[in-house]
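Labels run A, B and C following the written order; every chain starts at residue 1.
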Amino acid sequence: PEAASPAVDLSGYTRVRQELVAPPFAPEHEQVATGGPKIVEITLETEERLLTIDEDTGAEIWALTYNGWVPGPLIVVHEGDMVELTIRNPVSSMMEHNIDFHASTGALGGGALTHVFPGEEAVLRWKATKPGCFTYHCAPGGAMIPYHVCHGMNGAVMVLPRDGLKDRDGNALSYDRIFYIGEQDFYLPVDEDGTYKTYAAAGDDYAESIEAMRSLTPTHSVFNGAVGALTGENALRANVGETVLMVHNQANRDSRPHLIGGHGNYVWESSFSDPPLTGMETWFVRGGSAVAVLYTFEQPGVYAYVNHNLIEAAILGATAHVVVEGAWNNELMEQVVAPRAF
Amino acid sequence: PEAASPAVDLSGYTRVRQELVAPPFAPEHEQVATGGPKIVEITLETEERLLTIDEDTGAEIWALTYNGWVPGPLIVVHEGDMVELTIRNPVSSMMEHNIDFHASTGALGGGALTHVFPGEEAVLRWKATKPGCFTYHCAPGGAMIPYHVCHGMNGAVMVLPRDGLKDRDGNALSYDRIFYIGEQDFYLPVDEDGTYKTYAAAGDDYAESIEAMRSLTPTHSVFNGAVGALTGENALRANVGETVLMVHNQANRDSRPHLIGGHGNYVWESSFSDPPLTGMETWFVRGGSAVAVLYTFEQPGVYAYVNHNLIEAAILGATAHVVVEGAWNNELMEQVVAPRAF
Amino acid sequence: PEAASPAVDLSGYTRVRQELVAPPFAPEHEQVATGGPKIVEITLETEERLLTIDEDTGAEIWALTYNGWVPGPLIVVHEGDMVELTIRNPVSSMMEHNIDFHASTGALGGGALTHVFPGEEAVLRWKATKPGCFTYHCAPGGAMIPYHVCHGMNGAVMVLPRDGLKDRDGNALSYDRIFYIGEQDFYLPVDEDGTYKTYAAAGDDYAESIEAMRSLTPTHSVFNGAVGALTGENALRANVGETVLMVHNQANRDSRPHLIGGHGNYVWESSFSDPPLTGMETWFVRGGSAVAVLYTFEQPGVYAYVNHNLIEAAILGATAHVVVEGAWNNELMEQVVAPRAF
């Protein structure tokens, strides 16, 4: 940093450790903060791993990840807390990594202070002064920024207001579960015969990836790292009457999520310091943003949660399923006459 | 449905039939509801028809439609009403169809309950619990979803608040006319010589269409089914002093409508349960949404209504005209000096 | 105009001349209007010039400009003022030009009244009735509209509320500086060997440009006319504690600006007649819009201001730098442990 700064008085903070969990789940947390502000300690490992992103075609990519997951884990704190991150780059890595937290202030979101080469670690502490859901991502510089982000190296922080979520009139809102969805655009280079190319190690696809990215047209747009990662056995689950907070992160490219058969009852596209939008059919994720959407399920059945560019949903992979159990409500919808010949 | 549900008591509802009309017009309706809630009966036929989408090039597509129109007809009800739809698939059809109403709750928006093969019909009733403009569209499953939607099979429902539209302060807003505009992205396969391919029957272009869609780049983006469908003889019409509600549906792809020479005085991008945005130059349609925009014309002349990606407007087709009659107001704008040599 | 109109009484207005300045700067203006409404006289020359848009590759375009700048100059007035524009097309020009002000009402935003051929001038007066930031651009008709706009012929007008900017609760907001950023999508035709084509004169690239535009995929997306126009020696500058109003214009294509390491404290995506959004990580510019964003710098250092489609930022050119001086605040962020081997 450019100028000397007095030491920070941390005596008012309680130190806690947040155990990060794999998406689509959220770490344990309070919705309304109790006690004073906290220093929330977390650890992220910059893991490079070969990831199959579509089992049907065998398409694979040397994913760049935080903790091995695409997206990186959801971090949850309250406004006024501090995040104290240890970032570690394993010796086995091929590349340099760092992290830029959109929720933080200064030094390129921490990117300037966290460049770790293979075998290095760094510790960064920043204060969560603004409530909302925010993207974080690797940003090593220049064209390496979209390269790392489009190889999976991004995730989200949720900074809750200390007194929890509120509607436009100030009434408290709460949730029974969180679905944390990271949408990832991949740009896989293809062979002359149109098949996706494979590479021996992380970074080997650099030049061809950059060329593929220039098209601004992903070959894949998937939730949680792979086509079908949130369908079938891995479908999301809820019950009628339960309220779910859907946190959707897209670190690079616009998206427009939609819950088929449901709605966004409360939608925070901007931040938690603005009143939520309500009753939405389809909401918007400005590329490089995380949003939060609250919905209370009213009907059982299988819902599809999609990027409502339906080409991206059904052909490029951006579809998840939510299996909801409970009693059907014929008042909301009734099949008066099942399909029959006329 | 998964669980038995008690029969619904419909005794409090009055049954009415809504005669649907061709776009860009709206069916007869009240802006403020009188009397109690209604069951609004409508019929949609899933008609497959060869449609010329650009007379200049002769580009054509086997459009998949509701009632023969692209977009499908505008349905107008009030919050608390029920929609009772009869969906019929003619024996002459080549394909299975169904319908997903973004305005409804459960069963994939009714999609799971309305799969009709050629020669079949079904009846679905659902309650309009959320006010706003909402897309509906065919969603037969998998890649057939974008295929049907991008062949024209989509439209909009407007669910008005029972007491009508309001500004941010709760003051009543009303309109003199509705312009209902459906923007349609088409992805026409091209021959080796670059001409648009033609096909013998609906569905024959399936594999090549899916390939074309992967580009995420439409060959055409048109209003109401064809280049020029709302210009010249078919231009929209209004008078100075009249207030028009423009309902814009885009079931698949983001759009950003703009009225050249006018504004969006009140813009509902999210729903009618949120205060409208005001004084906008260009508004946003999240792909898979319908929006409503209120404008009172202040000047006569020919307005262009466009998708303000001007490439899409002027090259791909997304332009309509509005011919407005009345007296010019030099206070708002005056040509002080007409073009002259200097 | 279609109908005779009584002469306008201009006696209540004071005439002033606004000297327009090159981007990224703003002309002298009051944030809160003093005195009565004004007639603000401005002059725009439609200058065609060969512009190098990327020094590394030598990529160049016959830019179509207002006053020689891409974007055209920022115009600042207050609600209730009139803009009186003299538009002049030099004799040396190859093409016809005009101007469409999104902020104005009628005659295609003035486009219908300002068609000037080489050697012609015209004068247009219009009243700024709606507060907000608004795009202006050339719109000669048909495919010439995207052609001119995508050759740089666009800029912004800021119409301030007479009593200045306000937060959601009506508290006054002000700024110390303006950064005026025009984002420009260019679609450069390429040779068979993939190099950008060059042309002898403005307009010579017409047919090939239109073909390139059909891809909807720009070859360049730059701030203020060229890759690196706002970095290095030309970086934007501010101090810790200063509040900057960032006005971002994109006349054709959606954008999603982000200030790396900072935020949008107050964001007016729609207009100044709506409450600003707050605490945003990334905001949205509907293609064909100008937006305003207020931020108070809290940390020194080099910030990057980007279109957060990071491919567009880092590969297509949409990156600016802001150099901020002042004292580092370790409470907001501290590098607890600099990168070290573990």
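The criterion applied here is as follows: a contact is a pair of C-beta atoms (placed from the backbone, for glycine too) under 8 Å apart; a residue touches a chain by one contact, two chains touch by 3 or more.
As the structure is a computational prediction, the values presented were derived from the model and not from experiment.
Peer 1: For the identical-sequence pair chain A and chain C, what's the CA-based rotation angle in degrees, nearest 5?
Peer 2: That pair's rotation angle lands at 120 degrees.
Peer 1: Quick one: compare the interface residues of chain B with those of chain C and tell me same or different, with half as the dividing line.
Peer 2: Counting shared over all numbers used gives less than one half: different.
Peer 1: List the centre-to-centre spacing of chain B and chain C in whole Å, with centres computed as mean CA coordinates.
Peer 2: Roughly 32 Å separates the two chain centres.
Peer 1: If a residue has to touch 2 or more other chains to count, which residues of chain B qualify?
Peer 2: 217, 254, 284, in rising order.
Peer 1: Of all residues in chain C, which touch chain B in the complex?
Peer 2: Those in contact with chain B are residues 1-8, 84, 86, 88, 100, 102-117, 119-127, 129-132, 134-135, 139, 142-146, 149-150, 210, 213-217, 251-254, 270-274, 284, 286-290.
Peer 1: Of all residues in chain B, which touch chain C in the complex?
Peer 2: Going by the criterion above, the answer is residues 217, 254, 256, 258, 260-263, 267, 277-284, 298-304, 308-316, 325-342.
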